[in-house]
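Both complexes below contain chain A, partnered by chain B and then by chain C.
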Partner chain A sequence: MSKKDIIICRCEDITLADIHKCLEQGYTTFEELKRILRVGMGPCQGQTCSSLIQKEIAIFLKKKAEDVLLQKTRPLVTGVKLQDIADSADE
Partner chain B sequence: MNKASIVVIGAGISGLSAAYNLAKRGLKDIVVIDKAYITSGSTGRCGAGVRQQWGTALNCILAKKSIDFFMHAKEDLGYEKDIEFKQEGYLILSTSEAEDKVFDKNVQLQNSIGIPSQRLTVEEALKIVPHLNPNAFTSASFCKTDGHINPFLMSEAYYLAAKKLGVTFYFFEEVTEIIVKDKSIEKVITDKRVIYTDKVVNAAGGFAREVGEMAGVEIPVFSENHEILVTEPTKQMQGPMVMSFSKNIYCQQVPHGSFLMGRSNPKALHDHDISSSWQFLDEMAKTVCNILPKVGQLRVIRTWGGSYNISPDHQPFISDTEQLNGYFMACGYSGHGFMFAPITGELITEMVFGDKLEDYAKDLNIKRLDDKNFTDFEQSVV
Partner chain C sequence: MDKFDLVIIGGGPAGLSAARIALEAGLSVTLIDRSISLGGQLIKQTHKFFGSKAQYAKTRGIDIANILINDLDEYKDRLHILKEATVVALYKDYVITVYQFNKYFKIQAKSIIVATGASEKVLAFENNDLPGIYGAGAVQTLMNLYGVLPGKEVVMVGSGNIGLIVSYQMIQAGVKVKALLEASDHIGGYLVHASKLVRLGVPILTRTTVKKAYGKNKLEKIQTVELDEQWNYIEGTETEISCDALCISVGLTPLHQLLSMAEIDMIYVNELGGLIPKLKKNYETSMPRVFACGDVTGIEEASSAMVEGKLAGLLASKSLGFIHPEFELLEKNLVEQLNNLRQGPCGVKIRLGLEKAEVNSHD
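Our next item is the complex of A and B:
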């Protein structure tokens, strides 16, 4: 299967080919890839792509996967409607 | 021996624009150092709105000149991708008679500088953003050439253009000392090397005061956390950025479909905190549901924070200093430094080359703080 057909980030439709191109350009941390490609910025916040990308960075840098930092996690853990937050804010 | 004609500290949008403009002017051996990577500071955390509707002449001029550049930035910088400039305006809401009067004055000032802003009634504003709550505001001002740009890609465009012109970048490297001798710079020391140079540009964003102190230069700026959130993407439904100073909100739909929105925290401490709080989420949700009820139906997927680097009058310092020869600074943007990046780079270059500056630019000098006649203060901020 071509690298262009392997989807790594389903939220933002980013392929393995996109990841490899960025790595070759010198963006070798998750945070840099996130800012250029939007991986991990979508509704799932990296729940699918983060470990796949961590592995790709590790292979590229010839490191162990556990030595490659993942992206920073921030609230929220799942999508919540603004109106629901506003309604419960005063309770 | 490691030598540079100039060392730019910080690869945020300000340092990148400075490096690009210096190289374009023909300066060789430029080095840019960042303790992390491009857009790791405020630039990669910002709302990335670009507007010309300001309350001081200085900010209006800086914004207008920068937008003029953004309009052809892709071509000028030879960038392959798109910087995603969405030029659909800023709609700023007034919520009281007192604010109406301020807006009248601001629009007059803006028009006198050639900025095509206009005052709008509630009905006229609703034609531009139909999902506004008509009871939440009394009038508005609008400028159709304001907008939004992708901050990551804009930064990359500058970065690649600077690299092409021969600028050297050191990432994941922190400047720890600036050695000064007889009022001149001798060298810059990082955690990885020593670089001999007699010129430094302090473009350290939230750390501008500290990078001043390293060289014994006093810069009266501080940093405070500003939080922001993003929603899931949805169909295009809002052209302009909607903003209100009195309600403390800015809210924009980006081309990708998500809404970005932020507000300031009057109780924020003066420090380098960039964490997320539930208080922000509560206040932000209440404010947006009041002004833009339809947007309240969207789901928040992430919140984050970044530093505003704040000056005493909410206007930047793009300046050299009598305190130290060869020391230049671009800081104190007070929450609007992304949109001023093009003019920042041009002015720093003129200063480094010793050009005579245009009259307006004199007020960007840090010396203005000693001038008792200088009383301009930017109020139009969130």
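Our next item is the complex of A and C:
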């Protein structure tokens, strides 16, 4: 199986090979993976990859998927142009 | 900053139903939806619904959407609809930020009903980024909204109702459905839908999934593999199927982001598709006067979303001091409808999941 051909986070183009490499280096929480790989930080904000990553962490740590914490959700849910935010600042 | 009594986020079956009841109860409602038209996923559902008359059985999804939308007409003076408007954030001080036509603006709500629905789950397999690999929602959008075929020969992954119905619709549209793969040992959706496919010659392969996709610039064929009881690949069972489209329909997951970012109490419930809000019996989350209903509170059918929307609208209105003229009758009737929809073996998972998320109070 070629792990580098399995896309996990399509927004940031992160593969299963990237995820496994990080897990083996000891980064075993979603928050750590997010900071290193930017998974879940693209346009969909993790809506697509989060359950796949949760499952990979669970397998690696031999836990149940539901016991693996998902990433922290912060505003905004999707991309907004800085110009548009700036234009609204005086309101 | 504009201030509103009740803001409903999401204009799908749950949000529209909640809006109608809240309007009947006398509230002013602001309904926000990110799409061009209201109706959510109903607008791409060309099939007739199952269930009972109260949930529009025998009516097509698209027609149900129109009924729910037209039902709001008589309350135009108290209803404010924002379309093509994405709610991009929900804050603890009841400020909601909206992005519409490249304008970013804030509104404040006294109370909120979150009915954001769900998004599709995806699968990890080799070359899963090849053109020709779709989610079932995308196939429905292409075919049923825009009249575009996804391909000539397709393999469907997932035998829930969506996978079964979309397979049937593709056949009706002239697409050859070469196989339907199901990772578990049984068909997930209604057997009446599955039987139709089998009669039309579609092989349904249980305990089988997609392992790899092949193709130079686009999908040309897939490799399937059988799974053991622990869902592991059984080496040596690989088989190839040529196809130019692969449709993934492996379940939905609640669109929880707005609730999560406001630090509302959430719980991960596998049976209901992912992270959902802990709810009191009146659909109130841990943030006072913020309610949730529909798929964002756990994945079910659109029929349940409509009933839940009505019930949430009814109970939310009451807790805001607007008691619906037929409150008691409606409450009893809606609770009964929900119980009926969730009874039997198909509802076991849902009942189990909902129990986990229900709380008596938010302390």
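The rule is simple: the second predicted complex is superposed on the first by the 89 of 91 C-alpha atoms of A that agree within 3 Å, B and C clash if a C-alpha of one lies under 4 Å from a C-alpha of the other, contacts with A are read in each partner's own complex, and residues count from 1 in each chain.
FYI, a residue touches a chain if its C-beta (ideal position, glycine included) is under 8 Å from a C-beta of that chain, and two chains touch if they have at least 3 such contacts.
In this text the structure is predicted, and so the values were computed from the model without any measurement.
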Following superposition onto chain A, is the placement of chain B relative to chain C best described as a clash or a fit?
fit
Write the angle, vertex at the C-alpha centre of chain A, between the C-alpha centres of chain B and chain C, to the nearest 10 degrees.
140
For A:66, using the defined touch cut-off, is the partner it touches chain B, chain C, both, or neither? Pick first, second, both or neither.
second
Given the touch rule stated above, what does A:10 touch, chain B (first), chain C (second), both, or neither?
second
Quick one: classify A:45 as touching chain B (first), chain C (second), both or neither.
both
So, A:80: does it touch chain B (first), chain C (second), both, or neither?
both
One more residue to check, A:1. First (chain B), second (chain C), both or neither?
second
Residue contacts on chain A - larger count, chain B or chain C
C
Chain B and chain C, minimum CA distance [Å, superposed model]:
8
Chain A contact set shared between chain B and chain C covers 45, 74-76, 80-81, 85
Residue positions on chain C within touch of chain A in the complex are 1, 86-89, 91, 97, 99, 102-106, 119, 121-122, 124-129, 212, 253, 255-258, 260-261, 268-270, 274-275
Write out the stretch or stretches of chain A touching chain B in their complex.
27, 29, 31-32, 35-36, 38, 41-43, 45, 74-76, 79-83, 85-86, 89-90
Quick one: which bits of chain B touch chain A in the complex? Just the residue numbers, please.
37-40, 44, 152-153, 156, 230-233, 256, 276, 278, 281-286, 288-289, 293, 295-304
What residues of chain A sit close enough to touch chain C in their complex?
1-2, 5-8, 10, 16, 45, 47-49, 51-52, 65-66, 70, 72-78, 80-81, 84-85, 87-88, 91
